[in-house]
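Per-chain residue numbering starts at 1, and chain names A, B and C are given in the order in which the chains are listed.
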């Protein structure tokens, strides 16, 4: 499938007043049919960016193109995008069916066509039996489905979803995540989701843009983001990571030579920055912990178990290495595994060279 | 500027907005100040001389407590619910009549009011208080037509007929928003008494006014003088005193008492039943009837006096003004409005029809 | 958690002062007026208590019903105009930037600091033939004619717009006096309104206008209804505006009642007239609640 560009964001900035720069020169493309997520902590500018795509905020600088068309001066009601609001904004004074029909009535469709589309829309989100209900008679999840159907039956080029799961409880959230992805595959429309929940972003998206302080830090697939985060911020925001300050000690054919002061030197496959100071990180589940000294080509460190947190499927073991804390997630592979270590035990923690991530500091 | 009337808003204008508060509540027990050597005076706003209270307190040593009301109905309402402590009040003709008939007034003690002798002959025996047993005039005036000389001649203005001929000054005439007064002029025009109780006559006056509605701009709530001054109307049914005020500012304005009669109007001092200091009340009335005090009052409020001895101290312009003191032959034809008892209902029903057709 | 419903004693003690207040200052005067309405007027205008229905019979006479009918019409027009102007004003305030919001609200409330009578009188100066409005119209008239080439002498005489001392003036005055009572409740509901409903409507392709009519208005219905009720009730009882700005036949039922307690000194009849309106209002409210209950039933069945 040749993927054309659904949304082109080119040098977009948004300034409030003189001092607040909500979005700072964002520049990226969202491909057609993609499930794209804008991820970041609250106040990072991701919602502003989405509202600029929808047309509810003006741009201070830059351009936004949707399907090759510049959106400058195009009001929200004329844009080929639809939005599912954080509060769902399902009109309380209309029935479910009326909510769905509301957007279609504009499009000068015949009565029977509207009815058919409403019916299909309700089937799509499995809400057919609720068509005459009022929103206050629905649960949060049901309201979300109504909002989804209402936006989707407009057949937009792009569907925008603002924090779609934030109003749902944890159990429902997971269900809806699966459902949303399935739905997106069915309809084949580009989805752009704003969320602050990294788990949600990783599990649903084709690609994720991590935004911090109005700046897009990294755009990548979920696995790329997780395995090869480019910055400490991204690494920290997505999952947990133990980090050490490192030094770049030149390159060889085999890769770059990195020194972790007090712990030794190792080879790394990547060629990295020009600055000698950098950060070396390792994901907790990549770390092994054992009593005996490991053999082979691994990076190993000797320490004391400082704390153990039992988390059901895994144990989070905190190891103190010369005042440096290393976190390891150990699978509870066998019953009673969690009793293997005690606080105060002398242990080795070690990991494969390949698993090391080198970050800009 | 002492010469100018100091009441920009006449007392009747004032009443229109506030009069509706018809329900008055009486105070159960008399307040403590009833005991002291004072006199409690109840009057309309801007209706007293500048020095009257001061000179009374100086000559008698009795302190004055001064309170204001806005309409005869408010006064009657308060007094009929039980005098809350007033010693001396000012009531219009028909109000004196009503209060007297309900035993709400005390007879005046003329031994304490020697100045009462100054009362002019013509005011000694009014229908609303025959023999002046209960009241002495505070101020008198006539009701006639204020008019713009450049728009209508004095001769034409001297007949109620102008209000009933839609061809004359059509849409440039105002009547008064009060059933008895406005119906009164229609009755006079028809040759009947303003106080008639005959249904047939009242209905005739009603029909006359309905037919005239088209040529009348509005039934003004005593703002006729303002309409006249602003040029909104060129003839207005009004009190002489109110027209006198605007005449001072506009030479083109004048006042005429129509040949059919005109209405006499007076406000009178009276002492309500249950007055805590009836003797002080008599002293007060005697004081305001002192010729010099009386003259000072009229020089301030610019109405007429019924006090013969006071006239020599009153501003000669006013004494010689036919507006303030109409000639005897005119005055002789005027009629005061008095209460008509059950016939009030006839007037009110007729008025309702006039105002809604 | 403790439920206050379980604490009947504490609750009833707390309720005592407001109940006392309500009975003394609200119910009692109403009862007095109600008792009066069955009395009769003595020859001197005094109120004699008794039991007679003559006042009610008189109140239902055609002439009074006609006045009531006209008053209701004027009131409906005034309420509709208050809504037509008040709703956009409330919207303007609600969408104004923060610091302007307060200033605009102040502008709405400001007239309340001036006496109603004086404010009404001010309209005379605006509407009269030589007033501000006609002055402006005359200026436009004269300027227009001189612009299209008329000489000073040739300009046709300006005929003032007769808009004072008739029902138009009464309606203008009543709208002016009561519009804050429409704006404020609507503004209050708009402020609480989740603005994403409006954005959702726009997002679904609706124009601004359709969004206002199909989403904003229905969602502000509680504010609109309470505003309309306030304006309706206050206009129905107002008599000062008709007194000051009305023409020869601009009598409203409020004037009629006020006159009974004033110049006509017929309190029993005035009381009966007031109660006829009160009964009519109760019947309207009752019909409305029946209608609302029916709607609810219909909804429940579906």
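Keep this in mind: contacts are C-beta pairs under 8 Å (C-beta built on N, C-alpha and C of every residue); 3 or more make two chains touch, one makes a residue touch a chain.
Keep in mind the model is a prediction, meaning the values are calculated, not measured.
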For which pair of chains is the number of C-beta contacts greatest?
B-C
Chain occupying the most central position, where position means C-alpha average
C
Quick check: how many Å separate the C-alpha centres of subunit A and subunit C?
55
For subunit A and subunit B, what's the span in angstrom between their mean Cα positions?
88
Whole-angstrom distance, CA centroid of subunit B to CA centroid of subunit C, is 35
Note: in the complex, subunit A contacts subunit C through residues 54, 56, 75-78, 81-83, 85-87, 89, 91-93, 102-103, 106-107, 132, 134, 147, 150-151, 154
Complex interface listing, subunit C residues touching subunit B:
29, 41, 43-46, 63-64, 66-67, 70, 115-117, 124, 128-130, 162, 164-165, 239-240, 243-244, 246-251, 255-256, 258-267, 270
What does subunit B use to touch subunit C in their complex?
16-20, 22-23, 71, 73, 76, 80, 98, 101-102, 171, 177-180, 213, 216-219, 221, 223, 226, 230-232, 339, 341-342, 344-345, 348-349, 351-357
Of all residues in subunit C, which touch subunit A in the complex?
194, 196-197, 199-207, 210, 214-215, 218-219, 221, 299, 302
